[in-house]
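Pasting the structures in now, so scroll down.
Consider the two complexes below, in which chain A is the common component and chain B and chain C are the respective partners.
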Partner chain A sequence: MTAATKTIEQRKIKARRVRLAAVPYLLLLPAMLAMAAVSLYPMIDGARASLHKYRYGIDAGYTGVENFRNIYNDAVFWQAVETTIRFILIAVSIETVLGLLLALLVARELRFLGLIRVTLILPMTIAPVVVGVIWRLLYASNIGIIDPLFRLLGLGTPDVLAHPTSAFVGLVAVDVWEWTPLIFLIILAGLESMPQDPLEAARVDGASALQVFFHHKLPLLRPVLLVAVVLRTIDAAGTFDQIFVLTKGGPGTATQLIAIYSYNTAFLFNQYGHAMAMMISLLAFLLLLMVAAVHLMRRSSELLE
Partner chain B sequence: MSDKNVKTPKLLKQPLGRRDVIKRGLAGTVALAGAATVLSPRRSYASGAITIGSFQDNAMAPFRDYFVKEFTKETGIAVNYNETNYDTWYQNAKNDGINKTGAYDIYVMDDNWVPEFAAGGIVQSLDKLGLKVNSDILPKGLEMGLWPPKSGARMKDFASAKPELYSLVIIDDVEILYYHKDHFPHAPQTWDDIYAVAKKTEPPKMYGWSARGVKGNPIMMTYLPLLNSYGGNFVNEDWSPGFAGPEGVGALTRLFSFIPYMPSGVASFDTAEETQVMLEGKCTALTEYTGLVNRVDDPSSSKVVHKINMTATPKQEKHGPAIGTFICGIASGSKNPEGAVQFLEWFTSSKTQMQFARRFGGAAVTGSALSDPEAVKKYRWLPAIAEAVNSSVQKPRTPDEPKMEDILGTALNEALVEAIAQKENYDAIAKKHLQAAAEQISSYLKQQGGYF
Partner chain C sequence: MTLRERLGLLFVYATLAAAILIAVFPFWWMFVTSLKQPIDIFSGVALWPQEVTFDNYHRLLRDYHFASFLFNSVVVVTAAVAVSLVLGTLAAYALARFRLRFGVRRMALYAVLLVRMLPGILLVVPLYIVLAQWGLLNTRLGLILIYAGLNTSFVVWMMQSFLEEIPRDIEEAAMVDGDSRLTALRRVVLPLAAPGLIATAIFSVIATYNDFIIALALTSTPVAQTIPVGVSTLIGKIEIQWGPMAAAGVVGALPIVIFALIVQRNFVRGLTLGAVK
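Right, the complex of A and B next:
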């Protein structure tokens, strides 16, 4: 074989390697284009809209950071931020504790275990709008069952959705009812894939059930818990459907989360720029949260190792 | 049949290379796309068809199911009718108009879309299109389609512009008073009449009043007939809020005076809950739009069939119901504006409106239909609708009205919650919340610009 033939052969091999290396990317390309169209494009357009002013529903031109300045001075926005944070903290905490307890309860040999598991995850499978309608009917004072039940027990009439505090509590209750199953499922998966040797060793060494749980199971579950909490936090920050059906953000602004206020600002008040500035701020906040969570997860995995 | 007799097609015998697959795949795709284009249903304007887009609403049923077909029968112009939910339709119509796609010829709109759609060039001027307005149409309903408004506050950009008709009213939806005949031997005229009967009721067996209390638009629809009747204004001619003075406070205090006689959860009531108590026969009176008229006499949803009468909303200084018409505009990109004009002229003609009233008891837009003896004999609410339209007060005509409504509607809801909790100091509670809303609206309008 001459040197020239050898070079040509080598080039062919190189070209084939390049082609082979490119195949996965080419196969991914349609999916990536679709994702870019439905996800990336709206995000970029949203960022662009946040720097524009809209009048009569039409883009009235570039305004720089005016929309961001306006949301900084918008008392209702900050109220919505506060309500959103309060909602996330309370709802996700309750869901985590309940989800953990349920997972611990179910992660053992029980009769009718399959049925119990299916029943527990049922609320999660119902569309959020339907959940809102169901609970609105339950809460509605003249046709629901909550008020008559309270009256029967001699506890007066709570009129759940008519008072700021009870409406907020009612909303948290709906979220807990619907989304505890998600945390339950994630933790259950974590419990079932947990290595049993360290737990059995601890039991053999005389550790009580509580000690095994706090000193072994919980540290081992930490990454799973973190994933569950981060997922729920991101989801809870965007809660919309149930509130839209149940309270529309009221009474007053008691249940007005950022998602509802942004929706109203964009589609009811026709201020797309202002709304997009809010959504970009929320996105930045959630990104920070995710980065922090990933960092925590890494650290926790390192500690476990 | 044995397998031997089955011939393998030549195409399948040949080994397929990568290029062959790509080539044939491309050819197939092009062929499929071509076939889809040829076979897909397309609108043809050659035949003069028009396309109407609308939001779903029970009040639109006669329009959609009967009159659209009648129009085609009479004129030979085919009508494509597309409807979707309110929010989606609002966005679709707006996008269609801004981009002049020509997918629609007529938009069925809520009247508060008119300022934005007219000022933004989303709908065309009906005057410029040569639409002939039927002089029988009630003036207050007709005015809802003008931009800039004929009366009331005007935005600076349009201060000296001549009002033009951009949309034409097709259903005169307006608030009217529904009252239980067993409790009111005569039609109540004033809020004092309503209150006098309410005081005799014994909740929860019977309530003296029911209302929508949810923040935003629902509670605004409860408050506006009170505010207008007490002589207040949502906004004055100079865009200053007109509800924080004694008239507005008096109106809200009057609403609070019904608290002992209203269902306890009224602050979370929307239309469904508000009207349910009346349909169950547990309420003496309420104000609501005309959509309720058919339900009160429907035995499947009402326990008070033929027991509820209707009249104009009560007055203090004057009657002042809120008006919320269904209104039609012609799309900026309409491909058949002539057909669209013809349809609107036909539907709002006295003859068609008479049919609307006689056959369906609908909130017709012409005076002759609402006072027609044959129609009134069958549908007792028609004169109440006419009276209410004639005394109605329109909301501020600006694209910023929904935000203003949200601010005041939130303050009203907060005030109602506080008043229900305290059961006293109604005057002070009303003043505090109305003042706060007035300041918020003024500051919002200043930030938006174009008002002062």
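Right, the complex of A and C next:
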């Protein structure tokens, strides 16, 4: 073999090795590009739009931070922020307590456990729009069942969606119905993978059921519980579909969460820049939670494995 | 069993029965309303239809474009899920089997989770502007591209955890026997990962079929509108067609409920983003 052919051979081997080393990155690339095209790119473009003024939906040039200044001075925006926070706090708290209780109830040897579980979580599987339709039918004053039920109990006729306070409560109830199952599922999985020995030891030592729960189960559950609450908070902050079907934010602005207000600003009033400024603000808040969620999930799944 | 234990168990079952009633009754109410005639809908509380009629479903097809909505949903969901399954599984394979340098693996997994958690409301305005530039507003193609990209994140996340559970020895043996890596992936790994792949596909179908806000913002006529958007069109400003609306809700919920019952076992994992296994 001459020196020349030898180097050619070596080059070929080296080229082949480089090609092989590139394989995983090439496998990864299309997926990453596809994701970036529908999330990163729109976010960047949205950030640009938030610095532009739109008249009748047409870009009327750069305006700096004016859109942000406008939302800062927009009382309706702050009202929407407040309504959203109130909605998240109340709904997620109730869901956490109910989900935890339900999970503790189910985490034992039960007959029909599989069927019970899948039935309990049906509300979270169907389209949120359909959830809206279902509750619209239940709440309707003329054809629903909630009003007759209240009359039966002698509590008057609430006509839930027609009054500001009851409409807000009604939406929280819908959210609780739809999403308690998620918290229930996550906690149930946490309970099922929990080491039984320390609990058994505590019971043998004479700890009461409540003591076992508060001193042993709850601390072990904490990472899973945190994941559930953070995931749910992120989702609740973007609640749109059910409200769109049930109240469209009304009566007045009683149920106008940020998602509804910014959607209307964009697609009813064609104020894309103004709407994007709101959404960027929401994103800034959510990003913190999302990064927290990723960290918590890594920790809890390590614990659970 | 002591009396105390018996009472305890009775309490558990009674509470669960109440919880199940609360979870399921609203579905029943919608279903019953969808089978009632208009006059019966308004005639007071009845837990089953006085006289069963399929007229509401018939009207969905005849008056409310539901054949188009259904067709659009099927086309969009099938195409988007197929594309994202291919892209996502290849990427998941790279993440599960190769040692990636420069922290690529970590970054990729972060990106995947962040995209998955991003609420749709944050994306619709810029997506609207982009699709308008490309002339893809109110088209099925526009929806397919967007859902394919978004759903890829879910597929990558699910499939990399399923693929990691398949022992490496098996495909290494196949490669010693002369298979190339991609042949080994196709002949050995994918068949073993089939249950995971099917579960991932079903969850992808559920998520894509259920999406509302993106389709609502980016489509405007029955040419491209999907079922959830179609459902929302039945809620007029002045008058609501209760019977057809209930029927539409049933159409929207039915495929998902059936899927849910099929994939019972893998449900937890899919619905909780693999936050728990």
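Following the convention adopted for this analysis, the second predicted complex is superposed on the first by the 266 of 305 C-alpha atoms of A that agree within 3 Å, B and C clash if a C-alpha of one lies under 4 Å from a C-alpha of the other, contacts with A are read in each partner's own complex, and residues count from 1 in each chain.
Throughout what follows, a contact is a pair of C-beta atoms (placed from the backbone, for glycine too) under 8 Å apart; a residue touches a chain by one contact, two chains touch by 3 or more.
These figures come from a predicted structure and were not determined experimentally.
Asker: Who does A:122 touch here: chain B (first), chain C (second), both, or neither?
Answerer: second
Asker: Does chain B (first) or chain C (second) touch A:233, or do both, or does neither?
Answerer: Touch status of A:233: no partner.
Asker: So, A:79: does it touch chain B (first), chain C (second), both, or neither?
Answerer: neither
Asker: Figure out whether A:249 sits in contact with chain B (first) or chain C (second), or with both, or with neither.
Answerer: first
Asker: Let me test your reading of the model: by the given contact rule, A:148 touches which partner, first (chain B), second (chain C), both or neither?
Answerer: second
Asker: Touch test for A:70: chain B only (first), chain C only (second), both, or neither?
Answerer: In the superposition, A:70 contacts chain B only.
Asker: More residues of chain A are touched by which partner: chain B or chain C?
Answerer: C
Asker: First (chain B), second (chain C), both or neither: which does A:140 touch?
Answerer: After superposition on chain A, A:140 lies in contact with both partners, chain B and chain C.
Asker: Find the residues of chain A that appear in the contact set with chain B and again in the contact set with chain C.
Answerer: 140, 142-143, 267
Asker: Would you pull the chain A residues touching chain B in the complex into a rising list?
Answerer: 55-58, 70, 139-143, 147, 157, 159-164, 167, 247-253, 264, 267-271
Asker: Considering only the defined contacts, which chain A positions touch chain C in the complex?
Answerer: Residue list for chain A touching chain C: 23-25, 27-28, 30-32, 34-35, 37-39, 41-43, 45-46, 49, 102, 105-106, 108, 110, 114, 116-130, 133-138, 140, 142-143, 145, 148, 177, 181-182, 185-186, 188-190, 193, 224, 227-228, 231, 234-235, 237-238, 240-241, 244-245, 259, 262-263, 266-267, 272, 275-276, 279, 282-283, 286, 290-291, 293-294, 297, 300-301, 304-305.
Asker: Residues of chain C touching chain A in their complex?
Answerer: Where chain C meets chain A, its residues are 12, 15-16, 19-20, 22-24, 26-27, 29-30, 33, 41-42, 44-45, 83-84, 87-88, 90-91, 93-95, 97-98, 100, 104, 108, 110-115, 117-130, 145-146, 148-150, 152-153, 156, 181, 206, 209-213, 216-217, 227-228, 231-232, 235, 240, 242, 245-246, 248-249, 252-253, 256-257, 259-261, 264-265, 267-268, 271-277.
Asker: Touching residues of chain B toward chain A in the complex: what are they?
Answerer: Chain B reaches chain A through residues 87, 90-91, 94, 98, 115-116, 119-122, 213-216, 263-268, 272-273, 276-277, 399-400, 402-403, 406, 410, 413-414, 417, 420-421, 447.
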